[in-house]
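Next come two complexes built around chain A: one with chain B, the other with chain C.
Up next is the complex of A and B:
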């Protein structure tokens, strides 16, 4: 039971990290990108490739996977967001990011193969460590570190304040002379690097697997919607709740109904509290 | 008159296909396109007309396929009864999915349908007593005269024509206008009295019905179904057919379905790339031609035959003006 809980917490931390990536992208563009989970998938796949095929030292491999994730973030902004946001049609970005995500996933499937491949040990540790195994604690530590880092970034730095300003009112921000295009690009690069880091840290838990991206996009979104859009604390709580709930359900009912239960949680929260646990209520546009 | 002639010609071409098609495989492909089209015609009302981006209709397709296989195969129902029942079950599942999820805004709705498709795959694997799990289930054929390639083609053609006629009726009458209004501006639609949620739900349930029917036909074409037949990427394929064909039209998505189904079969390198190709196509269309490929033809036609507006001079009519002024003075 305890090991199931810990495994659930670790998976939930990965979902929480994906939700944080959503949050960063959403803050500057009001776009929920389908490529969110794919940044983490790339982090895991390229991390395994760097560590195994090239035997790169750990910091280099880590930075490399973060750079790949950041590249996908930049690509998302450059290809899928920039042109589409200029148009007034509301949900075109959903189509364009979905298309980009599909292309990335299929390209990785063709190149890397469709089988999950193991991710090497990062820190030397015995395999019999049980619940203290690094594969459980690395994602949790990374998710918490990312959330704290984001809070500090938003409160303490000029760029963080620019993000907040753009999420409040993008037109006012532009009128005050903020280069909104450049800040948005920066936020996507940052979000991509965060996704790459999370995918790298959780690599031993999820394996380097091409289809992880879509699962993470969905479950990260569920964590985000449960916790409340735009709230970093909500992302952590929502992710942990989702991970632990589905692992408890797996423990009692069996692994076959995992997705059903997590979507059930999403529907329940959306019906009872549509803005999520820590979100702000949306005003209906008229 | 011209329109009727074109329609008759198209009907003659479609009906006579078994005699001039090159081989059995091409006929099979045409029937497969028909089965896809039964689903896509209904989905078009949801995606193309009311603008609800449902990426998970493959779940409803799987439900229809498994309903037919279980009812007609395992329980040995009458085949036609099973076909009707799979349509009904598809509609019921569409209702159950639509009731909560159609209340959600765009991205939430897309994610809910994506989750639905994943749940269906999960349940198919989990309930292996009913569905055969990962091993799959064999699907009974249609009885004679529909058991040959030509026979099943004609049957599917008939059903596809009926479904197309139904969607055309919806699209050209007030319902279709209401759905387009919902797509373009939900607030305006609500303000002029379109029952937004009701309209979306009816379109969605209808698409569930056609997805169930399409699923049953698809299952017969495949003759053996496993959960791997209904990958999420298939749902993406349906979606891409509509977006590429152009939203708010019926002919566009139909051509999209034909071309996108036939292309990978005709050229081997495209088949290898598979979904990467569909993703690329979707991206290009969204970035360059958000109105769909059909827009390209329109632009071309306008270039070829620019429409001249005739001059319409307005003659002054002093007598009537004097009368109007007099009436105003009184």
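Up next is the complex of A and C:
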């Protein structure tokens, strides 16, 4: 049972990291990009490639993976968001980001292959450490670090405050001279790098696998909805809750109900507390 | 002046006609084979290897002058493992390209969607999916299965676990895909038929990141053999890693994917692949002297001639299966003296002991599964060498 909890926590941490990526992108654009999970997928795949094919030192491989994630973030803004937001208020970004995510996944499948490939050990440690194995704790540590880092960024930096300003009212921010398009691009680059970092940290848990992106996009969204859109604490709690609940459900009733339980959790939260556990209810003054 | 020109023209046309007939420019209509292959997407590694066999046999037959003077024309469509694409391509091949045979698709999920369409069009279909429901002499009389059935793999593995290893406390682990679910169910049914009720059965998400709980539960239930039924190499590698990390040397016996070369790269330690046995084939198993059956060795030699002398790094049986499908087309056309679908059906339904590389095939009026039970062989999962394996002891 302890191993189920730890494995669930580790998987949940990865979902939480995806939820944090959503949050950063959403803050400046009000868009929930389908490419969110793919930034992490690229982090895992490119991390494994850099470490194995080129034997790059760990910090270089890590930075390289984050750079690839950042590149996808920039591409998402440039290809799938910028023009769509400029021309329409409708949620067409759902289709444009889905299209980009599909293209990225197909491209990785053609280049990398459709079989999962190994991700090397990051920290020297013997196999057989059970629940203390680094594959469980690296994603947890990274998710917590990302959440703390984001809070510090929002509170303590000028760019963080610009993100918050755009999140509150993008038109008012623009009226005050904030270069909203540039800030949005920056937020997507930052979110992509965060995704790359999360995928790299979880590589030993997930293997380097082309199809990981959509799973993380879906489960990251559930974690976000459960925790509350815009809340970093909510993302952590939502991700952990989803991961642990899925793991316990699998432990007691079998894997065939795992997805049902995940989506069931989402439905339950949407019915009882639509703004999520830590979200704020939007009240329109009249 | 007009007459001589006309007569010259006539003479020229006549000479040209003679030349055409003599050189065979207007040779007989080619035999068109539609090949539905998932060259990209899930299970592409199997499809790519099968494609090598198909292409190799087509080239070989064409180089030898074709079949009764008719060349083979291979029309390949990449379904990417997507049943919707497979259906669209099947319709295109049957109704637009007007092919004489369909080989494939590679995945059972795709085949479930295409077999009825090809059957309605009355085109002979060589089926290479293992799901039992794919062939039916009454519903799909033109569909002939070349590969073994899923049940034959399971039977082979069950027999090995119960009769050779003498194990009775079986844990069955399937994945939650349609294939994994039905395979695990069939495995449990066949075990119970043999008087053994599994001590532990579970279905696991194929992308589940950890199998420690399942393996601990199997151990707590007293399992003395683990039988996984999943084609997901990631899941199977995690299962073997968990067993190794636990220090539990219980035998693992099951699906052929257990011995797929990519598994080895996913293992924490190479020795975690030991004590693992998977269902394979007599045709791709080395005997005690390290020799392969003559037909298989002949194919390997020909492949080496074509591809160079480097070691074959994919499972050879996929190549042999692809190669045999085209050789079965050749057999059917030669015996039927043409490509009339009714005549082809009659020939195939009366085929007995057709010697191939992958297997020896027999179909009948009521039996559309051509692969014989006795040509399943259990292999040591970690014994891969030049495309083939050693027998499990």
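As a working rule, the second predicted complex is superposed on the first by the 280 of 286 C-alpha atoms of A that agree within 3 Å, B and C clash if a C-alpha of one lies under 4 Å from a C-alpha of the other, contacts with A are read in each partner's own complex, and residues count from 1 in each chain.
We take it that contacts are C-beta pairs under 8 Å (C-beta built on N, C-alpha and C of every residue); 3 or more make two chains touch, one makes a residue touch a chain.
A quick note: this is a predicted structure, and the numbers were derived from the prediction, not measured.
Trainee: Clash or fit: chain B and chain C on chain A?
Mentor: clash
Trainee: Just chain B (first), just chain C (second), both, or neither: which does A:79 touch?
Mentor: first
Trainee: Quick one: classify A:100 as touching chain B (first), chain C (second), both or neither.
Mentor: Touch partner of A:100: chain B, not chain C.
Trainee: Given the touch rule stated above, what does A:128 touch, chain B (first), chain C (second), both, or neither?
Mentor: Once the two structures are laid over each other on A, A:128 reaches chain C alone.
Trainee: Touching A:92 in the superposition: chain B (first), chain C (second), both, neither?
Mentor: A:92 contacts chain B only, not chain C.
Trainee: Just chain B (first), just chain C (second), both, or neither: which does A:214 touch?
Mentor: In the superposition, A:214 contacts chain B only.
Trainee: Scan A:71 for contacts with chain B and chain C and give back first, second, both or neither.
Mentor: A:71: touches no partner chain.
Trainee: Touching A:110, do we find chain B (first), chain C (second), both, or neither?
Mentor: A:110 sits against chain B and chain C alike.
Trainee: For A:258, decide between first (touching chain B), second (touching chain C), both and neither.
Mentor: both
Trainee: Superposing on chain A puts chain C and chain B in one frame; which of 26-34, 44-52, 116-124 or 224-232 is the clashing stretch?
Mentor: 116-124
Trainee: Just to be sure I follow: which residues of chain A are touched by chain B in one complex and then by chain C in the other one?
Mentor: 106, 110, 254, 256, 258-259
Trainee: Residues of chain B touching chain A in their complex?
Mentor: The contact residues of chain B facing chain A are 51, 53, 55, 100, 104, 106-108, 110-112, 114-116, 118-119, 122-123, 125-126, 187, 232-233, 236, 243, 273-276, 278-280, 282-283, 286-287, 290.
Trainee: Which part of chain C faces chain A closely enough to touch in the complex?
Mentor: Chain C residues touching chain A: 40-45, 175-176, 181, 202-205, 207-210, 212-213, 216, 233-234, 237, 241, 244-247, 262, 265-266, 268-269.
Trainee: How about chain A: which of its residues touch chain B in the complex?
Mentor: Residues of chain A touching chain B: 32, 79-80, 83-84, 87, 89-92, 94-96, 98-103, 105-107, 110, 214, 218, 221-222, 225, 254, 256-260, 263, 266-267, 270-271, 285-286.
Trainee: Please give the residue numbers of chain A that touch chain C in the complex, ascending.
Mentor: Residues 1, 3-4, 7, 10-11, 106, 109-110, 113-118, 127-128, 130, 205-207, 209, 211-212, 215, 247, 250-251, 254-256, 258-259 of chain A touch chain C in their complex.
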